[in-house]
């Protein structure tokens, strides 16, 4: 989290299974003419590799790297729909409370073991903390909260598993996907004790060679299960080195000097560099959709933001248009809701827009209420000039509204350590993303078990995971119930309406606010080919570019 | 004597630059220049010689000229205070150690060696990291306290550097006849140290102190580049760190602070050299 | 006599190492927050208690130090903790150390080679134009911080001209040219300042030596200037130079933090920085301990090497 | 009479931060073949500078040299440095005042002697070692074999001086400069070294320039003497003529300052009062005038020329000793 609005999504969560159906399909056709030589790539990324176990969350660009070793049970198509991937079939009950997942036959992990129903059960049980309670696997981390809607996971046949949910969920597959984070891990890794974090064993097109906090080296998996349209075994590349380069300048100079073949960037503080690279003839720059919604989290549990006046004052004080211009150079749009227009929850109603008079009035009301001036501390990454510039810009708006904002320079490690115990008064972090709500709802609901008093973590210390993802630490039964209802609603129009109401409720209470949306970009030199060409097994394609970059399975290097 | 070439044009230039930047440092806040923290949203990436922004504006909207002026204040303040305090403590230890010798001397000498065994930057980084740890995470630490943490760390680095020189110099002086004579006359140690040794060691220390100022300025800049220098990236080093990402687009955001920093270090180094040269000649004439 | 001296020197150095490492271990006690809390932010109290015990923090400062030291001498430098796991510092050092070692070695070779050439030449031409040009240019360069030079090199040589890669490290096994290609810019950035200071040292000593009678004596034998400079004057003038170079070794191994960060060389210096910014104080303690040992060991080596360069010191030292 | 070395109108100045320093002023001197010439003067009188400049050993940007030096028929002052260098060792060689500082401290004795043999005479390594041992025995060093491996700091002063003599005579020079060869040595060793030099000179048929501050040393070991003061030759004569018929008050003063074993204990040794004049500004009159016990008004007004009194005896004084002129005491 070097950049304030970039880091994010480090603590995300688990999986559980039921069943669904999907048909096995052929590999999508691709360009067959050119010789797809191998070779190796060096990729510059802006996130590090804290580890590969359930609790270690790979963020954005390092998730891209992790996904060369790992695959997910399901995949998301470019239209947002979830399709089976390592699974072959997914079936659900009519009430969306029971899902049957069937594993694709003939896939094996890098350690040679078969992917089957047992492996799926182990994965799901590890993510929801069941194996941790038994002392068999390390902590699930925030995944335990993410998957808390699951009641039971049952193996029904060699290759099939049934997942039962506490509350009906039409988008369970999105939870199973967790925005690309819930990997298919080998049971040997999950049950391998401390090595779980350092030895990733997956099913992906590449195998681990070595990993460090700042580097992941992978090599071709000769037994990979997929082929291209010509019947050539995938992947094409012999190996990839992912290097963590915290400084933007390092990635820019790296790709320009050919030290890097590929480099990833974020719109948070790197707009100028992205635009400059777009003009460069030697490289191609692709961008993600504007589907990332960085938030200003206001801690509703502690002073001063346990007061609505304080939250309202801050929300009104931020000049989002000015911020987008000065900090993002209008590369991304100023926010009009806590999520973006692409998301099903998008609703401008109740969103407290920039209004200096109202901000001053709310701050004055706070003073009457609390007996002192509105003052709060805001952390930023010490040493990151972009981070400092971001908070300084916000501080400027606060000062204009008569609010005192203290800047807390902290190391990245400190910010991460303190963020999820919800110790900060306020902070900026990108957690919410996408078109659906599986990766949004956990951050804005108060109890991820859905009020299930019988949930397996309920009486354990891990019960804190139910609310840990809600960085604003608020309990709002109105919005909670609206979100539960929406998730159970099969009718799209009705679902959208319910979500809109929930959004309005949260926005009018000013639980959190958003300044501007965010995108990601990836630059690759012209000798890198095949980006986005390979299709999915279930037909269609993945999104070309996301926060976790591109898929390297079908990427190759041209002649020289 | 007309042929005494101690003060050459570079010496005047060095002295002039230091005086000028000290002037900026002291009177900077009184000058009609906007605060360096002001974000000029309408002038992003302005090139040098833009009206109102002589040195241009960086990509964050900070005016470089006011940054340089403010940086002069912080960089020089930190450097001179650090060298002053570090030099005082170091020479106190070094001179007394050289004078009294014995076990006290070997303890002081070992302590110096211990600190010197750790590379400057590593030591400063570690001290800043430990001293800056806070119990209440939301407590806003005032800038002066963070500045103090940094200065304490750099002082620890400087103490043995100057202390060793003070000790070595004091060692040669305390062996001279006039000290032995003073001792044999039954003078008090404090009197001998103060009247006979300090005046002779001081010039050397001042000369080396000028060099140490350069060392501290560069060390602070390195710390800034690593994110733990003068708070909020307000020093010249902090400006360089900020300019790093702008290197290709706004080279001026990088070049101005580098030039300011280099000129200052060149000046202090040069003055240190000149002083040392004069001392050597004085020694030679004795 | 030699043996006593050696033991005496060794014990002094052991004291230095002891003080450095003990000081480092005291740092852990200085932090107002419990280290276990820092290392296991989401852990349960039981897990933290377990970790505290494992690290030895429950034994008090002395007990902790003894435990750390006994592990340290056995090559166990502690672990780096991250959210779900840990990694042995030693396994990181296996990667980082050779990088720093090469970096330091090349830097010293380049700096010494350039400084010897320039120092001898400017001492030979003392007071003349060549000497003045060399001195002034080096003086200016010595005042520009290495990282500024590094940034400019990256911009010009890496990005604009695309002659050299700006990032990363390649081992010899990846090809000799590959290896050197990645080393040139970091080595240049590190050595510029050293060249300046080494040249000044050598020049000053060389000028003094050239005033010695034995140089006039050598000239009166009819020897060529070149032979006088290199065979007669250089060696007795080089003691300060090599002493100072050796004392830089530790600093270059662990202190090249900024340059290693800019060029993503990720040697020991970067590990130190990562340990500090990741609040891995146990790793930091071991790293600083190692660096100080390096410093001290080179101190001893240079002490004895000086005897070979200048035989006078061999006997003099014993009497000291 | 054949001269091996002829110095004519030599001027040497040093550039210092305080201005030009005149170390040698208008000196002319001939060294006859096979003779031994002493140059005598206080320290600072310019005698060492003169001898080094004659050999061309003074170099550097701060030295200004004028005048003509002819050695063995060759004009050194117009030759290139390389050509001059070719005369060193085989033509001219020099022994220095302090054997401690004149021997390279970091090189072994054997290497230092053999170096000349190898470089200047092109001897093989083996031959050079053999010759080195010969030379060491020639200068009467016991156990020359062991001496080869030693460093100068391991030797006594006398031994070092013998080593230096061995180096100087290694290529059989025609002319040997001995610059205060005994000053740094104990009195007992001094006479041994002087004896050795005399013997070697006869044996090897060398000419010699003996630079010293000690008239006593000159007395037994030279054929001619030149006395220098403040960069000038103030008196010059065959040795016996000089001691028999001293003209310069300065020479007389020098002689009086020599301690002798016949001296009564408790009697104060005569010293020359005052100091050498500031070499950066030459006096208008006689440079010795401020210190001269016999000074006259003319002495401070006009600079005395070098006058020939016959018998090769030159002196620079308006009122030389032995002339019947009223002197005020």
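Things worth noting here:
Per-chain numbering from 1; labels A, B, C and D assigned in written order.
The working rule: a contact is a pair of C-beta atoms (placed from the backbone, for glycine too) under 8 Å apart; a residue touches a chain by one contact, two chains touch by 3 or more.
Since the structure is predicted, the reported quantities are computational estimates derived from the model, not experimental observations.
By number of C-beta pairs in contact, A-C leads when A-C and C-D are compared. Closest to the protein's overall CA centre, chain by chain, comes C.
Farthest chain from subunit D, judged by C-alpha centroids: A. Centroid to centroid, with C-alpha atoms defining each point, subunit A and subunit C lie 42 Å apart. Between subunit C and subunit D the centroid-to-centroid distance comes to 51 Å (mean Cα coordinates, whole Å). Averaging Cα coordinates per chain places subunit A and subunit B 46 Å apart. Work out the mean CA point of subunit B and of subunit C, and you get 22 Å between them. Under the contact definition stated at the top, the residues of subunit A that touch 2 or more other chains are 247, 249, 252-253, 383, 414, 418.
Chain contacts: subunit B has residues 226-227, 244, 247-248 touching two or more partner chains. By the touch criterion stated above, subunit C contacts subunit D in their complex at residues 126-128, 212-214, 216-225, 227, 231-232, 235-236, 309-312, 315.
The touching residues of subunit C, when paired with subunit A in their complex, are 38, 41-42, 44, 80, 82-87, 92, 95, 154-155, 158-159, 162, 164-168, 261-262, 264, 266, 274, 277-279.
The touching residues of subunit A, when paired with subunit C in their complex, are 10, 42, 44, 50-51, 53-57, 138-139, 141, 194-198, 212-215, 243, 245, 247, 249-250, 252-254, 256-260, 383, 411-414, 416-418, 420-421, 461. Chain contact summary for the complex, subunit B toward subunit A: residues 37, 39, 41, 44, 59-62, 137-141, 146, 226-228, 231-233, 238, 241-242, 244-249.
Against subunit B, the residues of subunit A that register as touching in their complex are 247-249, 252-253, 272-273, 276, 322, 325-326, 329, 376-377, 379, 381-386, 388-389, 392-393, 396, 406-410, 414, 418, 423-425.
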